[in-house]
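Letters A, B, C and D mark the chains as written, and numbering starts fresh at 1 in each.
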Amino acid sequence: MKGLFYPRTPTGRASIVPPTPWHYSGELLTFEYRTDSEAVAALLPEGFSLVQEDPGAVAVLWADWQSCGDDFAEILDPVRGQYKEVFFVVRCMFQGKAYSRCVYIWVDKDFAMLRGQHQGYPKKLGSIHMSRPVTLGKAGPRLDVGGTFGATLAAMDRRLAQARFTITGPADRPGFVNGLPMAHNRWMPAIETDGTDSLSEVVTMSGFDGQMGRCFKGDFELELFDSPVEELLDLPIREKIGAYWHEVCVSWRAGTTLSRNNLR
Amino acid sequence: MKGLFYPRTPTGRASIVPPTPWHYSGELLTFEYRTDSEAVAALLPEGFSLVQEDPGAVAVLWADWQSCGDDFAEILDPVRGQYKEVFFVVRCMFQGKAYSRCVYIWVDKDFAMLRGQHQGYPKKLGSIHMSRPVTLGKAGPRLDVGGTFGATLAAMDRRLAQARFTITGPADRPGFVNGLPMAHNRWMPAIETDGTDSLSEVVTMSGFDGQMGRCFKGDFELELFDSPVEELLDLPIREKIGAYWHEVCVSWRAGTTLSRNNLR
Amino acid sequence: MKGLFYPRTPTGRASIVPPTPWHYSGELLTFEYRTDSEAVAALLPEGFSLVQEDPGAVAVLWADWQSCGDDFAEILDPVRGQYKEVFFVVRCMFQGKAYSRCVYIWVDKDFAMLRGQHQGYPKKLGSIHMSRPVTLGKAGPRLDVGGTFGATLAAMDRRLAQARFTITGPADRPGFVNGLPMAHNRWMPAIETDGTDSLSEVVTMSGFDGQMGRCFKGDFELELFDSPVEELLDLPIREKIGAYWHEVCVSWRAGTTLSRNNLR
Amino acid sequence: MKGLFYPRTPTGRASIVPPTPWHYSGELLTFEYRTDSEAVAALLPEGFSLVQEDPGAVAVLWADWQSCGDDFAEILDPVRGQYKEVFFVVRCMFQGKAYSRCVYIWVDKDFAMLRGQHQGYPKKLGSIHMSRPVTLGKAGPRLDVGGTFGATLAAMDRRLAQARFTITGPADRPGFVNGLPMAHNRWMPAIETDGTDSLSEVVTMSGFDGQMGRCFKGDFELELFDSPVEELLDLPIREKIGAYWHEVCVSWRAGTTLSRNNLR
């Protein structure tokens, strides 16, 4: 039976994700702010703790991706490779080392949802929009001082977040909160659904062949909204840190298991 | 940290699925046909074998569901509880017992995708439509002899399946292929993405408080189409068995692990 | 060239709507309330005036439709015939006669959008959900006293309206605001886009072969939300009138021009 | 009452389209081919005739647009300004002058659908994807020789068209079929729905402040597929002409009525 995730079949052709490596090229908007450090701590599972420096720092990222496997088939059938995502990242300590950690994430395609789940990203579906820079005309920002971008997130027919960003100048790097290797939990509740997990791992991962292209910093506004099935207002914006537009590419092949604790 | 699946949070409110039990009420169209038994065998993983009687039987089901948790919140915010699905079911033997097994499935909401994944259903997203019976007027079939229904499935902007069904009379039960307890594999590939799995289980489950409402049999046509990322044409329709419209309800709380083989 | 609306082609097959008559079967939730009569008056164009009795009455309707042309092709390919809509209706006087008038409306399919435009409905796209009654199980209301329904509307990734309805008993008819023949303006701005219209008509229409099926009244809550591109908060809910769940069917062939004033 | 199209309200805020001028910035893929000239002639209404030179030339364009009104509000809330479209263009003679003419078009947003209808574009909704060029990484083509793009169109859950394009070098202009002022019919069938039109105009329009950015030519493949509600196979690809990737911007304020023939 072939196929990384599912369905597994004789050929693997129907698998919801192609074999690794996976290649990504995208444009991102990163918004960093400080929330209450207890709010970050409350989202860290057992074994994790706050970082010492700036423990309440949060990054919210909008990303407009193209992605593909090693045969580039998705580039020729872009409905299978394009997707957008919004994700909330904090930093944390695990086994004495500092990591970035995604605490909330929405994407708009199924393959991205499952691919991310393999990596421990807690992906839901959402409706995601962000301005694209243009080189001509009035219907979009220029990648230059004064260029102004909008970004929105909705899920379950409710707007969850929206942001504005105006370029003030070039930047060396797009913030610091999402800059560490990721440490994620991969949980699979036992089919007995009794509060235990069949799988409970902490994994870490980084991409390879990553590159940053153009990168700009800027002024921003960020608003979070309530929903009966979200908890974003528990990460209130106490202080703005910074915001960035940046281009990146990265490839991903595999991660590393840091801890395994199958409870059953 | 609360939350059955993910994200796990202090309150569990943001979890993509509410706590079990889950309740379902729906209308289904079931199409049963015979394919080559080797085609079914090719979709069975290690430890599974064909059933002896009618081993090539396949059921394709369209379902229009409402679902909710125990507080019925999704009924009042139906974007969070309504979904449609199409699934292909075969029968198989495991540890000397006969089971039904879902080999392909598409849904149109994220919560259904993850909830099903907990149960071992290999869910992707699709666009799913099926006629609804009406009691008045010309724009829909009556639940009576001659009532004619249409049903379609698309994914990745390609039509994958379509069917027609015309009621010929009442039926006692909606076929036999999907009538056994389910036996599913739950796989989580290791984050090392090296061909091994961190989780590899065979689980079984049945619902409780299930009831069948009105049930009709009928004549049908069923067509399957090709896609570069599906393998439906490997389950060709050699002979029609039967088709049914039926109403059902069921609740689900938990399943049972039949086998666990964490390979790493 | 054949085709009612567009595109017009040699065969008419590609037309966005089939030839009339059009047949509809659906389930509706109707919520009636009183707003300020000046708010209703402000939405009436020249030539229209308020009705004398209860001039501030508004009906908000959620509808889950199946629709088809005279060959019923859409029933067999239901993606082409099923749609949901939400619409706001007021009453008005025109040429000495009382009419119902749709002031805002959202649908979720393109054919419904254009078909409605032919009839003078000012249709936009939205995401629309409403509970469906069930006969079995816990995942939906029964069509009986105590059955509780939810209904929501979103557009442009913002929730615009939501409602709850609980059946208190049978009803003879589903309110009065949407009960008169419709009087709508059909405007086509001049391509010169200079504030004049190439087409400016007042039309009226009613369906034929209409029937009402089961009809229930009940208690309700209705909430309207703000959006930068909507004006629903200008129709504030001052007093609730009543709410209804009802089944209807109707066919539609043609309307009648009441007034024509092509300004150019 | 304010509002260009509908709904017309006291403030105009709820209008489905903002006031003109409208500004557009986008990336396009243009595919030009020859079909049978009779197939083009069959799509021309009364008063139109074929051009003399290359009368069977067709352009199929995929476009990924951002658009906004004069206050740029849509750039900050991009769900209201971004859209994709696919359109088929032929050339024709009207009143002794040569024009381009859109014969089929699909978009993925409601505002684009109605805005286009004002301009005589026969817009339906579709699902549209096209590769975006990237500057980094493997998940997208470079804007350079060898860069390969994919593009697809689906509607009503069926794939209607797909194309591949590989850059072979720079180009001066993106073909010739879509290069003339547009001549479109604007029809509004009479509400009496008796085969007559309340509005029947021929209009022409061009944008202003148009600019072409980067432009590349290339090799291509283009496939058209069947649908019961489309007629694309009546425009068969007899001979390829050329294909282009190009950036454009344009603004639009108004058009000109060439002919008016209100039949009633």
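Operating definition for what follows: a residue touches a chain if its C-beta (ideal position, glycine included) is under 8 Å from a C-beta of that chain, and two chains touch if they have at least 3 such contacts.
Note that this is a predicted model, so its numbers are computed, not measured.
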{"item": "Smallest count of steps, each to a touching chain, taking subunit A to subunit C", "value": "1"}
{"item": "Most widely separated chain from subunit C, with each centre as the mean of CA atoms", "value": "A"}
{"item": "Inter-centroid spacing, subunit B versus subunit A (mean Cα positions, whole Å)", "value": "30"}
{"item": "Whole-Å gap between the CA centroids of subunit B and subunit C", "value": "35"}
{"item": "Between subunit D and subunit B, distance of the C-alpha-averaged centres to the nearest whole Å", "value": "40"}
{"item": "Interface hub residues of subunit D, defined as touching at least two other chains", "value": "77, 79, 127, 129, 152, 157"}
{"item": "Touching residues on subunit A, where the partner in the complex is subunit B", "value": "1, 4-11, 13-14, 16, 20, 42-43, 45-46, 73, 77, 79-80, 103-104, 109-110, 113, 117-120, 122, 124-125, 156-157, 185-194, 198-199, 201, 203, 205, 228-231, 234, 253-257, 260, 262"}
{"item": "Subunit A partner contacts - residues on subunit D that touch it in the complex", "value": "23-26, 65-68, 72, 74-79, 81-82, 127, 129-132, 134-141, 148-152, 162, 164, 209, 211-214, 247-251"}
{"item": "Of subunit B, residues touching subunit D in the complex", "value": "127, 129, 152, 154, 157-159"}
